[in-house]
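Chain naming follows the written order as A, B, C and D, and within any one chain the residues start at number 1.
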């Protein structure tokens, strides 16, 4: 298929490579040109504008946040460029509210918008091991499935309202943030009682919590080592806010989300915004009077 | 080995059977005699008192809570009955403070106390699949290892201070309680946005949270079905309090533990004390105005 | 002076009356005409539009929330109608962000915007006993002072940045919301220990908390009687959100504001949105299993 | 009357002076003798032991905490020394649970125990301006009333169960702790938005919160000056814990108390334990990235 791809960051690079590997023709665009060089050298076509990408069969966007989506795509230039058969697939973690607005804006022009955010970090993107959570018009999703298969290991369809996929993705990230706060408090408690972090982690991940996320993030916390970040702490705050906004819109009290909001904001003010988001655990260690481990 | 076993509840039954299956001679005692009948019929010797159990090579206790331990074992009758070579192994989830007090009381009499709480529910106890977290005198632990092997799938040694094992176990239970609150809020958010609980659970456990505890407890929440309880919600409050006490003693602020304390207490006042502790999720659903699912 | 007054609600009625009593000529407008009848009968001139009000020396707005302000005044019709010497005084509790946007929009057209929110409920508005918290251009504030004096008992000037007055007002309302949650928990604790609410209130307000707000709101809680509302609980949530937004914009973690957000939202979902905002105390009583008092 | 007075600290000194000024004969005792010198020089009789004090018509205790009460008075020596007509009046802020235990211990010996904790700081004790909150046997309270009048400005009787007075006092202190956290967050928010702390304080205490406690504690926060402490922050944690224990015993969820517990503990770990308890506000300022003000 002919695919436009907007947003070439740590995730996008791997996704584009896997699309091309699967035989798709990909036209790329990014707000800053620097990140395009590598893929261009590999043969990807560089578009002159986001709007140019919109003229393909499918245009995929993988931008950083709501503001970027609004700036790049909620413009007449982009919206008018979308072809009558073009499907716009937003794969970034954006707000449910923006997904709904995008749905309406596309519908109003007779165009098709689907949400398909992913679980997985850059290495998973590179290895075509992402999990794709997709929602939108069934026919459109069926047309996109070969693309999802090229980028991910499995696709989950969560209905025909695009924003449902965003809510699900946001909820998953809320759960990860909660897991990290939980780990942070538990490590502080055990460390202050004289238990080695590595040993605590070993017991946890060998018994009740064998999931890779506990191993990965628990490992960062046990080592008290949050740089370089796989996913930056300041983006963790962004994602907690997305959960709170979705909760606010639907009147769902989430006291734990409120707690996470304060913790992530406190960490950022302390200067930990560029830590991996597991660095939230540093707050618990510090509050307990534990020295940095390294 | 000759083993005394005090506390024959849902866990104790399976543990005694597995000890006997491995060829150990087990003398049993319980505060209420009814639960002894079955094991007695299978050939276990019924002791006339807790003190009688204390005269074996090893006496294992698996009592409900701190109060039970104090009532049954912090008595002159029991303590004086402990033989010079007897090792007392407490496998219940009791407080770190009581473990320290027990350690001192035993030391003062020249006796040996070790803590060896377990992760696993009654089916795991029956199947000898418990995880044993043990701490105490290394020689004593080595002597007990054949018993641990008879009851569990793996033993973790966390040092020579018995209470460390209790802190670790308590921290694990705190993490489970936090996971359930997290699931409760996430399910409420997704449900109110129209996502089917079963589908949300499927995505979660197929992607970022493949651990069995997410499947088991998430399954209860998705089904909104908390009875009969595998582990009662009122015991969840007990365990959160144990974490808070350990945190208080060591000056470790744990805001999430504070939140869990309120949630579990609120649920008990509502009449949910005999629900499975995953029933804490009912609070989030109700606060969001979602009706019971069945 | 010639004054336009936009937003004739429970507060506005008294404010207009006091302006007229002081000899000012007041032209009134409201989104729904019904509330204008009484003042019109008393001799106030009814404007044909909000824009017509904007042509006076001073135009005062006292609208319900941000959305109302945006709808009525952030329009070309209104903005273009503002005379070159007209001062626009917003006295409602709106967001700091909107106050900043209003400031910019007025400046861009060479017009003057000042914020002057008030502390006081409708009886205080009727009695000209409001406290006015004003910020903006000093010359403009000086010109408005006779109007503030006509409506209030005292004016506080908090600098020349209009939004500072909004932040101060929002902070005051946050503190009131926190006071009510505090009262709610304290009443639940004492009531469940057998202390009569009226007696607890008497001790509190005779000793450490003699302020009228403790007497008024504590009295509602002691009587467990929240209707009719002096200030609706759903507006309490609005004001907590304003505090959180101002905190978010400035990166100020406010864990207590987060807790209040959850409590007010929970109360609204329960159907208490039209209670007086002291009704938040009902949550603490219910969570403690206390029956309604009447 | 002949009065024994146990516990001569910052509060006790003033209370004894006022009792003597009113013509009562006071015998004093303290765990450390140093603090007795001054009162002895003024003519107060120094007892040889706490038990000696127990032989008076009334014995008043004003000890630091539960542990001190247990150590000094829950002993056979003290309890056996209480005369048949002696009334034991505990005026310290101790737990409701200990008050109940004291009540039972006295009753079991045919003696009379009343609780009469006070609101007021050392200057109020010196000026006989304390508020006395008393509960217990009505006849005993009537006999004590002249003593209360000598020490305080007003007595509140809250029934015949002594612990009710403790619960009320503890609830009052919880409310003060909550007020300080509220002030801390509000000052951080307004300061970061450019509002002078002194100005914010002036507006607050001139409008909605004219109570002296807001002026006193708000003044400390506005000045960011917490030493010397009027009431130490570490005692604030003690009092929050007393509220939580009373809440736990009666099954009253108090989320705000949980938040305060974490805040006070965090402040103590940071080294602020000897600050005035208003120093909790430093946490909010720091979390917002605001520098110390002096």
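Here, a residue touches a chain if its C-beta (ideal position, glycine included) is under 8 Å from a C-beta of that chain, and two chains touch if they have at least 3 such contacts.
Given the structure is predicted, the values throughout are model-derived calculations rather than measurements.
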Problem - Most remote chain, CA-based centroid, reference being subunit D - result: A
Completion exercise
For the copies subunit A and subunit D, the interface residues, called same if over half of the numbers are used by both and different if under half, are same
Completion exercise
So, in whole Å, the Cα centroid of subunit B is separated from that of subunit D by 40
Completion exercise
Chain centres from averaged Cα atoms put subunit B and subunit C apart, in whole Å, by 52
Practice task
Compute the distance, rounded to whole Å, between the mean C-alpha positions of subunit A and subunit B.
Solution key: 37
Fill in the blank from the handout: Among subunit C residues, those touching two or more other chains are 251-255, 259, 263, 265-266, 269, 287-289
Exercise for the section: Enumerate the contact residues on subunit B facing subunit C in the complex. Expected result: 255, 265-266, 269-270, 287-289
Practice task
In the complex, go through subunit B and note every residue touching subunit D.
Solution key: 241, 248, 251-255, 258-259, 261-263, 265-266, 268-269
Problem - subunit C to subunit D touching residues, read off their complex - result: 96, 119, 131, 133, 154, 156, 158-159, 161, 163-164, 167-168, 171-172, 174-176, 178-179, 181-183, 185-186, 188-190, 192-195, 199-200, 202-204, 206-214, 243, 246-247, 250-257, 259, 263, 284, 287-289
